[in-house]
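The structures come next, written out as structure tokens.
Each of the next two complexes has chain A plus one more chain, namely chain B in the first and chain C in the second.
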Partner chain A sequence: MRKILLFAAFALAAYSADAQNLSGRDIIKKVKDNPDGDTRYAKMNLVLEKANGSKRERKVESWAMDIGKDTKTMMTFTYPGDVKGTGFLTWNYDEIGKDDDKWLYMPALKKTRRISGSSSKTDYFMGTDFTYDDMGDRNIDEDTHKFLRKEKCGGFDCYVVESVPKDKREIYSKKISWIRKDCFMAVKVEFYDKLGKLHRVLNVQDIKQVQGFWTRGKMEMQNVQTKHKTIITFSDMKYNLKIGSDMFNVAKLEKGI
Partner chain B sequence: MNIEKINTKFRRFGQFVVSHRVIVMIAFAALLTFSVAGLKRIYFETSFDTYFVKDDPMLLKTDEFKSIFGNDYYVAVLVENKEGLFSKKNLELVRDLSNELMDSLSYSEKITSLTDLEFMVGTEDGMELQQIVPEVILDSKEGLDSIRKKAYSKEYVSKKLISKDGTMSWILVKLRPFPSDSLWRAQGLEAPENQTGREAIKICTKDKYASLNPNIAGMPYMNYAKAQYIKGEMSRLMVIAIIVALIVMTLVTRSLRGVLIPILTSISALIIAMGIIGWLGLYLDMSTTMITVMLAFAVAIAYNIHVYSFFRAQLIKLHDRKQAAVDAIAETAWPVIFSGFTTLAAMMTFLAMNIVPMKAMGINSALAIVSVLISILVITPIMLSLGTKAENNKQFETSFEGKAAGLFDRFGDFVLRHSKKIIIVSTVVTIFCAIGVCWIEPAFDVERSMGRKVDYSRRFLELCETELGTMYSYDLMVVLPEEGDAKKPENLKKLETLEHEIEKYPLTKRHSSVLDIIKDMNCTLNNNDTAYYHVPDNYDAVAQLLLLYENAGGSESEYWMDYEYRRLRLQIEISNYNSNEIENEMGRLEARAKELFPNSEVSTVGNLPQFTVMQQYITRGQMWSLVLSAVIIGVLLMIVFGNIRLGLIGMIPNLAPAVFVGGLMGWLGYPLDMMTACIIPMILGLAVDDTIHFVNHAHLEFSRKRNYEHAVKATFRVTGLAIVMTSVIISATFLGFSVSDAIQFRHFGTLAVAGLVSALLADLFITPILFKMLKIFGKEDKSEN
Partner chain C sequence: MRLLSSLFFVLISVAVSAQDDDGDLKVKIKGFADTYHAVRTESPNDWMSSRTRLRGELSVSKNNSELFFSANAVYNSVIPEYSGFNIRELYVSQQAGAFDIRAGRQIITWGVADALRITDLVSPMDYSEFLAQDYDDIRIPENALRVKYAKSSFALEAIAVPVIETFELPFDRKNPWAVSVTGNDSVLSAAKPDFKIKNMEFGGRLSWFLSGVDFSVCALRTFNKMPVFEMNYNSENHKVILNPKHKRMTMAGCDISLPLGKFVLRGEFAEYFGEAQQPNIYSEIVCKNTANALLGIDIYPSNDWNISLQYAHKYIGGYDNSPDISSYRSSGTATVRIAKDLFRSTLNINTFAYIDVTDGGIYDRTSLDYAVNDMLHVMLGFDYFNADKGMFKMYDKNSEIWTKIKLSF
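Let's look at the complex of A and B:
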């Protein structure tokens, strides 16, 4: 009995220490600050799947560069054939309230169009189940973070953090993230809707180190209410490529990479 | 069939029940308790989809459609303010209501409203996804005028969303797919459709939104409102039925016991039946449950009257309650059970209909009738046997029953004397009605089934008549041969041709398809130049426009084109309903689409095709049910009378009310719907009861003196009052329907009463004549006379 009490006291102390040392915000900040090089490249395979099993597949090549706290991304569609060569350029700003800049180049129309504004409250990324925020460009202070507990998830020791958006117009009322303790990468995130019901679940797999950087290999986001899901698989990841900021402008978008 | 033997068995049964009253009552109470527990498991279906049997082609087609394009049910709210919606206060209210609907409806997926719209605007260097109404609404003329200008800047958007005078606008909530029935039932949750309708009403009836006069439409709301209305109506009709039954039974029995027993039996029977339905998880929907409940109530009272009449006559003669109760069971149990089985058999013929609620009504009514029979065989003899031995010293001749018997004796005489005239009149009426049968047509629409006196129905019909309102919609689904074909400009242009053609159809009010998005994107991409409001000629250009649309945050294209780009959807909304015209228009559209897309699969889906198929099922099912019930009842009559000829003759007075009801429907223009379709088989099942009682007794009387005139008059004397009273009671129970505000119920009530009265008249006037004319029991014995 004494041993049990001693163990419980030790566990409680360890828990408190951990919780005191790392607040919810600290953990999320560590996730956000995870090193990912100044520039990076990946091939992405996007599969959108409906509840009835019908699929839509797209392949893109993506280059990204950090400029201060902002990120510029250039994506080129390689599949299917009818959108091959279509380029998508985004400038994502860290500043809260500042809208991203987006341009799309359509080779068939030989036109580039800047896309601004957003469609009401659902700003999803290219028709997927991911919002632009989910893709990683959300400022950590747009949410209030709370450390909940530590638990295993997918075989890894994780911190569980609850994040509640400060802006009530967000599409979710809260999200709960399971963050791996060893690499500060989220392995699972649950998104809850305005009525507090589970809406979407993100599962991240195949987390590995590439050139010394922790990298996600596969992300699967499922809308549990509609049963629609999106699977993004990354391949050929490269970091710190020698590319300049001139790669991320409209002229380059039209010219192609 | 040896009736004497059967009666002896029932005598033994009656004796057992009367002498073991306490044990039998305990067992019955246990059955009731078990049933009460089952009541909690009852759930009511409201969705139109559940009307189709599991593997019905229309249901499979609808399910396939939903799995591709999502839930085709939606919540639509028409907001209206006579002073105009373009004021700061009203626009903010529209936004609040839109947001609340989006956030508080459990199944909302996407909202489209004046304040929440995918509104693409071409700019100098690109395009902007804007809102018509900005976050901050300026309360100035300029600010509001700019909003108004933007709202009307795209005609193809504004004509679907805002009225020309700016006083009305739609808020449309697209719903995510509902979970399967097994899922929400297993979790003990409310039906998603019901929940959506209820939540929509809760939001829209808030005082805050009163100045917007929100008027809700869409299937979840309509079905919920209908279920609520029927629930209220069912309680009202039940109260009317009980009051009427109390009055009639008081007049007939003039005894507290005579009133209480039938009420007690019918309530117990209903609890048992509903309890079993709950335990077995059987299908129930409001409209058909009403019929089951009222039918069970009516037959419980009617059967009791037969038992009670005999009991009373015996009591007057024997002055012994227990003996009279046993005698009543011995003599009436078999005809009552047989009557129950004929009604049950008639109701079971609904299983021949390919419609779930009709099948369910057959099974549920059968269960209810069995429960009625159990209750009568148990409660009635026990209740009748309770009390002191002798009641009074009244003589039969001076009693009400005795006087009535004398009256019926004279009536029998009258009928036999005027047999030729009666046959001529009956033949003329039957021919007249048979002609009317040809004019019957089915209808499922709100206007003809519920009408304008019912609040939710009136509001919906008024909404349909507004500039923005539409009544129903249907979809054309084109499945092209190869993946990606839906993006081909030539196919999109064919779809456009179809759109132009359907605009000329009389019922078409609006249409929607992916063309709205593609043409809008092309136009927006070219600086809002309306000259570009067309489908691009290049395949890749279409694909890239759609990609641009998605990347800009657009999400509606998947409602109109599937993921493989093989299927195209064209939705047509209609302004008013005409069953023949809409069937014709859908047929024309399908034929034309097949012509334009020769190697593709083309089909119409949605509510209207479902209505049309359902109408076909009900028309065909009605015929089958009628034929089957006639055959089954005919066979049962042959068995019970032990004579084929007698069985066939017994059918004549019972087919007459079927023709009469059918004729009435045709001549009065009453459409065939889920309720009126029940009437003829139900009447057949009920009408035959009187024939059985009459023929049974007549057979007995004939065997005594072998004289038809004597047999007829004696039968009238003994069973006449009970036959008339049962018909009066059942008619009175159904009469409550005829004062309902809902057209469907009024029709049902009127036709049921007309059917029952015509069946009674046929039994009173035709049966005895056929009896004598056709000498159905054999030759008379002149010496006896």
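Let's look at the complex of A and C:
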């Protein structure tokens, strides 16, 4: 979730460094280090659209809190009815190689289950075009980054950076990101499959400041091979809420926030 | 019954209108309607189940107080006695800092096992259709007081149940899932423990949720909620008369969940002190200490596969001194679950098998669940029984195919 809010990133508008002095890693680090408050809240509306135009919808509320470089996240489904109340609690660790801690609350069973923190990263999240890894927070050193060029994208001056995962088990062979120079937010990301073919394209829109933090309002991820796409719209975004780390525990997950 | 259903709708109306008056009041309504029909695959190919249900859940909360109410309105064609309106959960809760106090009829789940009970002894099971129901329908709520104190990495839970609930077992022969111990028996009316304060159920659970491991310890002063039966022969009607009994016992146990990469290991252990044992005919019920353990593994091989394996073992201590016990000294049950999501989670294929390791029987429920749209699911399934003896023998002719249509809101 933090990555969702960070992906498009938040910026230091005054921080207009020149790409010639910044490596690919430097640019991605600035994206990751963009301020996003210590705590965050958002409502997300996810629309899953098939190539034939038929749509399905998911609604989620999400809370997140940074603790050092780690992040604790709570997500609760509010729609549709069959998954309403289902919750995910994630303790996301920045340390490479350390698995996240994850719990799933199933309201029908009144039960919380500990789930694997590592295996599902490459699976798609609830049938969307976003993987669990896309939804999580990725250490920048899990990829090798290379600055490619500068060019305009969506009317904005951008740095173009190629990121190649070091772990060959990742589902993509590389991704290319267009990062806005003025706020270090990605406005477009292309994901390439293991054969080097373009697989998915992310477009980020409606970038604005909320409480002084750069925030994206809409993300569209399209699988260009299947023509399936997922549109996530954010609303009611809030930063620096007065919540403590005690909120991110299993008892809260079961009770709902 | 009409009064109860009217109360339900009045509560909803009051809650919704109250929301208009006071924006701080939060009202959440959810539920579903489903219709379920199952037919026996063997002769006489009769309908095993045919029922339609409306489930409503209402949560009304303000600040740190909450009222929760869930109820079923059911029409059952095969067993009309099961038709009607019934309350599942109805409780109030109050949160104060790290404390959460919940009082009323509620489902309490303990442990980490999946569909097997080692430490999860509080809410009993409804076997009116054996295990051929959704597992969440099988749990019976209890009138209980639960106090929970939860911090970031641990939770302490204390419960007290003034009057316990016991397993719901069908004995009416009109019900294809009727329980029979000997194959030729009749049952005296089920007797709960006396409604006395000394028969209260109480206990606690202390859980830790840490990076890389969860574990709990728990203890419960309870009863064997699944009855054992005193058995005597009635020469007048030539039947064995079963007299169900519940005896006091104490459980002390622990559980652990340990994620290891793509696997999650789960374990539970509990010692039951003074657990009543099923006697042979004409024999007295004896109580023994039993050791109960479960080991499970969840496998997440990615691509939306989900595999779960469990094995539970029971060992009766002091067995040699009690020739009147009809149960085995050691017995084992295993479960296997394999599930796969397809077509972007619109189709779920799931199979869940209970295996009676001791006697070699099996009960497997395989289903296809297709999401027509956000609200509507259509399910098709097959329940397969095969046993020459043991716990599944009485349902050996109950294999069935079933369909369910469910609309959630």
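Here, the second predicted complex is superposed on the first by the 231 of 257 C-alpha atoms of A that agree within 3 Å, B and C clash if a C-alpha of one lies under 4 Å from a C-alpha of the other, contacts with A are read in each partner's own complex, and residues count from 1 in each chain.
Keep this in mind: a residue touches a chain if its C-beta (ideal position, glycine included) is under 8 Å from a C-beta of that chain, and two chains touch if they have at least 3 such contacts.
Nothing here was measured: the structure is a model prediction, and the numbers come from that model.
*Asks:* Using the superposition on chain A, tell me whether chain B and chain C clash or fit.
*Replies:* Chain B/chain C on chain A - steric clash.
*Asks:* Touching A:Leu48, do we find chain B (first), chain C (second), both, or neither?
*Replies:* Both partners, chain B and chain C.
*Asks:* Name the contact category of A:Phe77: first (chain B only), second (chain C only), both, or neither.
*Replies:* first
*Asks:* One more residue to check, A:Lys111. First (chain B), second (chain C), both or neither?
*Replies:* both
*Asks:* Is A:Asn249 touching anything from chain B or chain C once the two structures are fitted on A? First, second, both or neither.
*Replies:* second
*Asks:* Figure out whether A:Leu195 sits in contact with chain B (first) or chain C (second), or with both, or with neither.
*Replies:* A:Leu195 sits against chain B, while chain C stays out of touch.
*Asks:* Please work out whether A:Thr86 is in contact with chain B alone, chain C alone, both, or neither, and reply first, second, both or neither.
*Replies:* The answer is first: A:Thr86 touches chain B but not chain C.
*Asks:* Given the touch rule stated above, what does A:Asp99 touch, chain B (first), chain C (second), both, or neither?
*Replies:* A:Asp99: touches chain C, not chain B.
*Asks:* Looking at A:Arg56, would you say it contacts chain B, chain C, both, or neither? Reply first, second, both or neither.
*Replies:* A:Arg56 sits against chain B and chain C alike.
*Asks:* Both chain B and chain C contact which residues of chain A?
*Replies:* In the superposed arrangement, which is not itself an observed complex, chain A uses residues 48, 56, 80, 82, 102-103, 108-109, 111, 113-120, 122-124, 126-127 for both chain B and chain C.
*Asks:* Give the list of chain C residues in touch with chain A in this complex.
*Replies:* 30-32, 95, 98, 100, 107-109, 112, 134-136, 139, 148, 150-153, 155, 207, 209, 211-212, 214, 257, 259, 261-264, 266, 298, 300-304, 341, 344-346, 371, 373-375, 377, 406, 408-409
*Asks:* For the complex, give me every residue of chain A touching chain C.
*Replies:* 48, 56-57, 79-82, 84-85, 91, 93, 99, 101-103, 108-111, 113-120, 122-124, 126-128, 228, 245-246, 248-252, 255
*Asks:* Quick one: which bits of chain B touch chain A in the complex? Just the residue numbers, please.
*Replies:* 67-68, 70, 102-104, 106, 109-111, 116-118, 123, 125-131, 176-177, 484, 487, 525, 536, 538-541, 543-545, 547-548, 550-555, 558, 562-564
*Asks:* Looking at the complex, which residues from chain A come into contact with chain B?
*Replies:* Residues of chain A touching chain B: 48, 50-52, 54-56, 77, 80, 82-83, 86, 88, 102-104, 106-109, 111-124, 126-127, 194-195, 197, 225-227.
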